[in-house]
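So that you can tell them apart, the chains are marked A, B, C, D, E and F in the order they are listed, and the count of residues begins at 1 in each.
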């Protein structure tokens, strides 16, 4: 496996946390070889391009996914990812409020519902047991 | 006219430059009173909320508009707006490259074409005459 | 040709005016037989169902097309159609303002621009020569 | 709190019924201050503009939401809202049938499924206990 | 009932299998007469047009539905339909991988998840009991 | 440059004809290095996966692009591409007719308009001079 894949796999792990492995396993069982191509391209090349902070990349990703409105699993994954790479909950919420002007209020409402779910899961994980 | 409108009108001017007046005039001729409500809400309240830099708001707006793919005039206006409030051309380009992963490559290609047009217009304005 | 087609062709004429013939000719040159099926179904059956006024059908059509944002020729045709079947310009404008809450402000702005073009064409046709 | 908010909150209550309070509480816990701005703008200004009946506004809203296809909670809320402000079930059904021509048959099928759920809930509430 | 409907109803059965009857019953309870118009048009006329294999029609349908991203019930129905009319699982998977380039990676991921569900249901039905 | 890029560049040329070079030049002037990543991934890996004919890949691409409705330059490029790799005009037309059932009639009408433009350009090139 080439270096693009290795670097991409590492970045995917940093963004998706424990979801990364399940995502790759799911793809491999359906479309052999696709996850290698995808991870190397998306996370090994595109997301690692210079000129834009990783935190801003994740906020832009959230803006795009919330605007589309039809990719709830990916939206939740990248809301968690934004938190993992250092965005604040407030930044995520404000991106979701902002894009409602352009993609419609339901995009904000449904995005905030997704963010609420992710924030609460995160809290449970962080809480002392 | 209330303070929300005044502050919104000022921010719209900072983002849209010389396009602001034409935009408002166009709306007023079609839907009396709508531009007041809209400017006060969108630019006087939403865009001025704390917790997210104005530059990041503009990049999130570009991400959402490029992902939707059906709002070319607004995409061009906010690419120009992002430049006016201090984003670099590279940040704008990278947001457009990034969102193609989630909204499809045509969103990137058409977004970059729009950005190219705006950058060239900007260059013409900045060039010594 | 069956009665569904005849009634549909008549209703299409009432909605689309002089655009109807050009629309059908364009389809016939590309996809033989499709315009017959389409006109009989869409305008001979669906649009003629009881329980909703034709004016409200046209306003709902405008709401849907403006929300989609990617069907400008059809949006303009049905803005003209709404006027032809008796909707007021104000009703059309207000539908376009209303749907911006749900589909985003660009849907309203681009819809109003389309409406402005149609209203001005209409005015030219109605003016004494 | 200003008059715009008060009038908007009242109209939201008339449209959303018992869902209004939960909606506002959900927003307040995520994005402080946003529900005030939104309710005052959307329901205190836009939905109260003259020139279009409230029933037709709700039908146009349903048309837009069903066409988008990605806002099921809001679609259900406004189907209930249309009933509350006086639209008939048949008008709602016919709007959903109509917009399938322009947004695709799945928009009609999924919209009718949502309407079926709302109508049945309504029936349960209205039934003698 | 006319011949268009009969032929359409037969083709719908061949594509949708046991889902066909439930689909029609659901429509008839909400929008009387609509299923007759729809089946006759969509499956009696459009899907039976010459010049494109039925298998390719189903693959194009899957491509369109996965690209839209907001029609999961219909996507699953036509993934099953593609299998029923003779497409291979690999062809379906590859269509879903292909369209991600143009509609975004979430369209591929969510499409593959839907395909996985349909393939597993199919396996259960085919397994000896 | 690696083999993936070389094979991808060749396939892009086979699909896009004389548009390929202009497309790459346009990207290189805006987002350095992006065209290499994209061509290697999209045309060197995804489009070359086994299990689906290239002609069917192009028809699925047309189905997805026409359904989205917001990517006219890419739709025209792939209509030309489908012809170049061996699809018939009738297959392209029928894909565009088919997807209208699922993405709405405007997707078919605007897709057929794009196809008509491409077919006429093609005819001019093929005509004896």
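By definition in this document, contacts are C-beta pairs under 8 Å (C-beta built on N, C-alpha and C of every residue); 3 or more make two chains touch, one makes a residue touch a chain.
This one's a predicted model, so the numbers in the text were calculated from it and none came from an experiment.
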Chain C against chain B, contact positions shared by both copies (same if over half, else different): different
Chain pair showing more contacts of the two, D-E and B-D: D-E
Geometric centre distance via CA averages, chain D-chain C, whole Å: 24
Computed distance of Cα centres, chain F from chain A, in Å: 29
Computed distance of Cα centres, chain F from chain B, in Å: 30
Sequence positions of chain B contacting 2 or more other chains: 34, 42, 46, 49, 65, 68-71, 74, 93-94, 97, 100-107
List of chain D residues in touch with chain E within their complex: 68-70, 93-94, 96-97, 104-107, 109-110, 112-113, 115-116
For the chain E and chain F complex, residues of the former touching the latter: 42, 46-47, 49, 51-52, 56-57, 59-68, 71, 74, 88, 90-91, 93-95, 97-103, 107
Contact footprint of chain C on chain B as seen in their complex: 23, 26-27, 29-31, 34, 38, 42, 65, 68-71, 73-74
Residues on chain C engaged by chain A in the complex (per definition of touch): 100-107
Chain C - residues contacting chain E, complex: 33-34, 37, 40-41, 45-46, 49
